[in-house]
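Note that subunit A is present in both complexes that follow, paired respectively with subunit B and with subunit C.
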Partner chain A sequence: MSPSRTIALQDMSSGALVPAQLIEQVDSAYAHRADDSWLSFIAAQTACAPPEGLSVSGLELQHAHWRWEQKVQSVGSLLSYPTLGIECAGEVQGLMLLRTDGEFGRLAEQLHHPIVYVVFLAAAPWNLPAVVAEPRFRGVGTALLRAAVEISGELGFKGRVGLHSLPQSEAFYHRYGMRCLGIDEDKERLNYFEMDVDTAAAFIR
Partner chain B sequence: MTTKRTMTLNLTDAEMSVLEQLSIQKDITKTAVLRQALRLYQLIDTRLRGGERLFFEDEIAKEKKELVVL
Partner chain C sequence: MSFEKYREWLARKLAFANDAGIGAGGTSLEDLRKDAEARTVTPAVLSGVPGELGRVVRYVREQRGWTRRQMADLASIDEEEVKNIEQSEEYEAAPRTLVNLAELCGFSARRFQLLARHIVPREERAGRMVTLAFAAKSKHPGSVSDEEFEAVRTLVQVLSDRTSGDK
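Coming up: the complex of A and B.
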């Protein structure tokens, strides 16, 4: 049984905070369950969306092609690649894959200092305002990003976190004070974001 | 987050000196250096056992040297 701890998500139907489990090392069966339910949901949304509404059906979701089972299988039990999941209401609400080796800061004040790199982070499609008019839970992405910052702290990296963001998610990372260092030509021309030590401390306070 | 267990580690003066230098260079604690080393060792060992090989390349000398680990 993977270690887990209780966190809170906001149930958007009632506005109340509800308990959820942050699972600290997910296995491929768990990731397969996420793939199954997330892809089924996107397919259903796409099927029932009017032609003019396809832009919010999941077809435009930039990570709709991600297959978490493959990602989790590829890293196995490597300590350098923590995989985290959020479980609530009997469903996988979000998943994240981190890399804790070989990634270093790019911000001037933390240049060459080790960071935790967020390889992949996604909330279930039913939690995304880009996909559904009324998301089920709020706070999934925030809880996962917070976990990445906490792991960075536990590893001695002082909360430093870096990632390349899909365009659809850039506003989210800006909101938490991550600084954009511009387009990375070596990473599919995605913008690179990094959280500094002070921002990280304020974020998890 | 994850529960941790404590162990005693016996190092020589030379080993401790290297550990202290790495701790300063990398701006992480000595414990963090050792945990990082464990993760890296597992990563390299897993890939070597999977049939991959690890090389250091000297671009100036145009030399490649294979790194062999225990």
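Coming up: the complex of A and C.
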């Protein structure tokens, strides 16, 4: 088993912050396990009536069709493409695939400086308000973003991180001071966000 | 960071911003595959690794997908030794370290030890000897040119060639 360390998530049933494991390098078998439980959960949700106040279209999540196993297999065991996972209550609560090599900043003050690029980031469907009326855990995205910033620091990239935000996530990245540099046509027309050194330091403080 | 500290940090962050449903993406699986194939071991991986021995070790480590700790465990050596070999051209690794690393990487132990002493293998293949010397003389540790990268790849091949009887 790959190294892991204890982090926290908020269990929404009690409101308590409970221990969870951040796994620093997951393999395709682990990703397969996540696909199995995530996709069957989505299928079950789609089959029953949508929760009150949510339209069926809420289930048309951008990443509802993602297959993490394929993603992890695509990058093999390359060190420059680590996939991290968060495990809690016996389930995979979130996954993130990073590219740590060959990505460079776009913000003026860090133009051409190396960054960590978040290729994919997602929480389990039962943690998403778009899928369920009462999400199970909060903190998955925050913890994964922290992990990306920390890896950037360890690599000497000083916390610089870039990503393409899913439309529903833009407010979150804005809130933490990541700056939007506009839409990229070749990234499914998603907005690119970048975190500078100071913003990263404030985020993990 | 301790669990208590992490918990305190997360509570503050969740009070500041609700992270429910955040995600990132946009890369097609096809693009991801292409990029991964193209960079199986990239020149950028070797930048910041000054010596030829360090570059060879870093190359194999990347290729196999090992962290420094994993490599050290597999070779029954100290993680610090892997780090020193990769980061310092002057570091003198113990003979046992070199033998174990050579074994793990599938290298000729003799050639690997020669390389550790900055000795370019003298026998055969004039073309390759030139390349080895070139790799050894890289003067730009901050970046790796395509030529240097090719030299390291060739060096890995030469070290891996155990057919000529000198294990």
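Going forward, the second predicted complex is superposed on the first by the 195 of 205 C-alpha atoms of A that agree within 3 Å, B and C clash if a C-alpha of one lies under 4 Å from a C-alpha of the other, contacts with A are read in each partner's own complex, and residues count from 1 in each chain.
Note that in this section a contact is a pair of C-beta atoms (placed from the backbone, for glycine too) under 8 Å apart; a residue touches a chain by one contact, two chains touch by 3 or more.
Here the structure is a predicted model, which is why all the values come from computation and not from measurement.
For the composite obtained by overlaying on subunit A, subunit B and subunit C cannot both be accommodated without a clash. Of the two partner chains, subunit B and subunit C are each touched by A:101.
Within the superposed three-chain model, A:113 lies in touch with subunit B and out of touch with subunit C [touch as defined at top]. By the document's definition of touching, of the two partners only subunit C reaches A:143; subunit B does not. When the shared chain is aligned, subunit B and subunit C each come close enough to touch A:76.
Of the two partners subunit B and subunit C, it is C that touches the larger number of subunit A residues. In the superposition on chain A, contact of A:166 is made with subunit C only, not with subunit B.
In the superposition on chain A, A:8 makes contact with subunit C only, not with subunit B.
When the two complexes are overlaid on their common chain A, residue A:135 makes contact with subunit C while staying clear of subunit B. Subunit B runs into subunit C after superposition on chain A, and of the options 1-9, 37-45, 109-117 or 127-135 the stretch responsible is 37-45. Residues 3, 76, 78-80, 101 of subunit A lie in contact with subunit B in one complex and with subunit C in the other. Residues of subunit C touching subunit A in their complex: 3, 6-7, 9-11, 13-14, 16-29, 31-33, 35-36, 39-40, 42, 44-45, 61-62, 64-67, 69.
Touching subunit B in their complex are the following residues of subunit A: 3, 5, 24, 76, 78-80, 100-101, 113-114, 147, 150-151, 154-158.
Subunit B makes touch with subunit A in their complex at residues 1-3, 26-29, 31-33, 35-36, 38-40, 42-43, 46. Here subunit A touches subunit C in the complex through residues 3, 6-10, 17, 19, 25, 62-63, 66, 70-71, 74-81, 96, 99, 101-102, 118-123, 127-130, 135, 138-143, 145, 163-166, 168-169, 172-173, 175-176, 184, 186-188, 190, 203-205, going by the rule given at the top.
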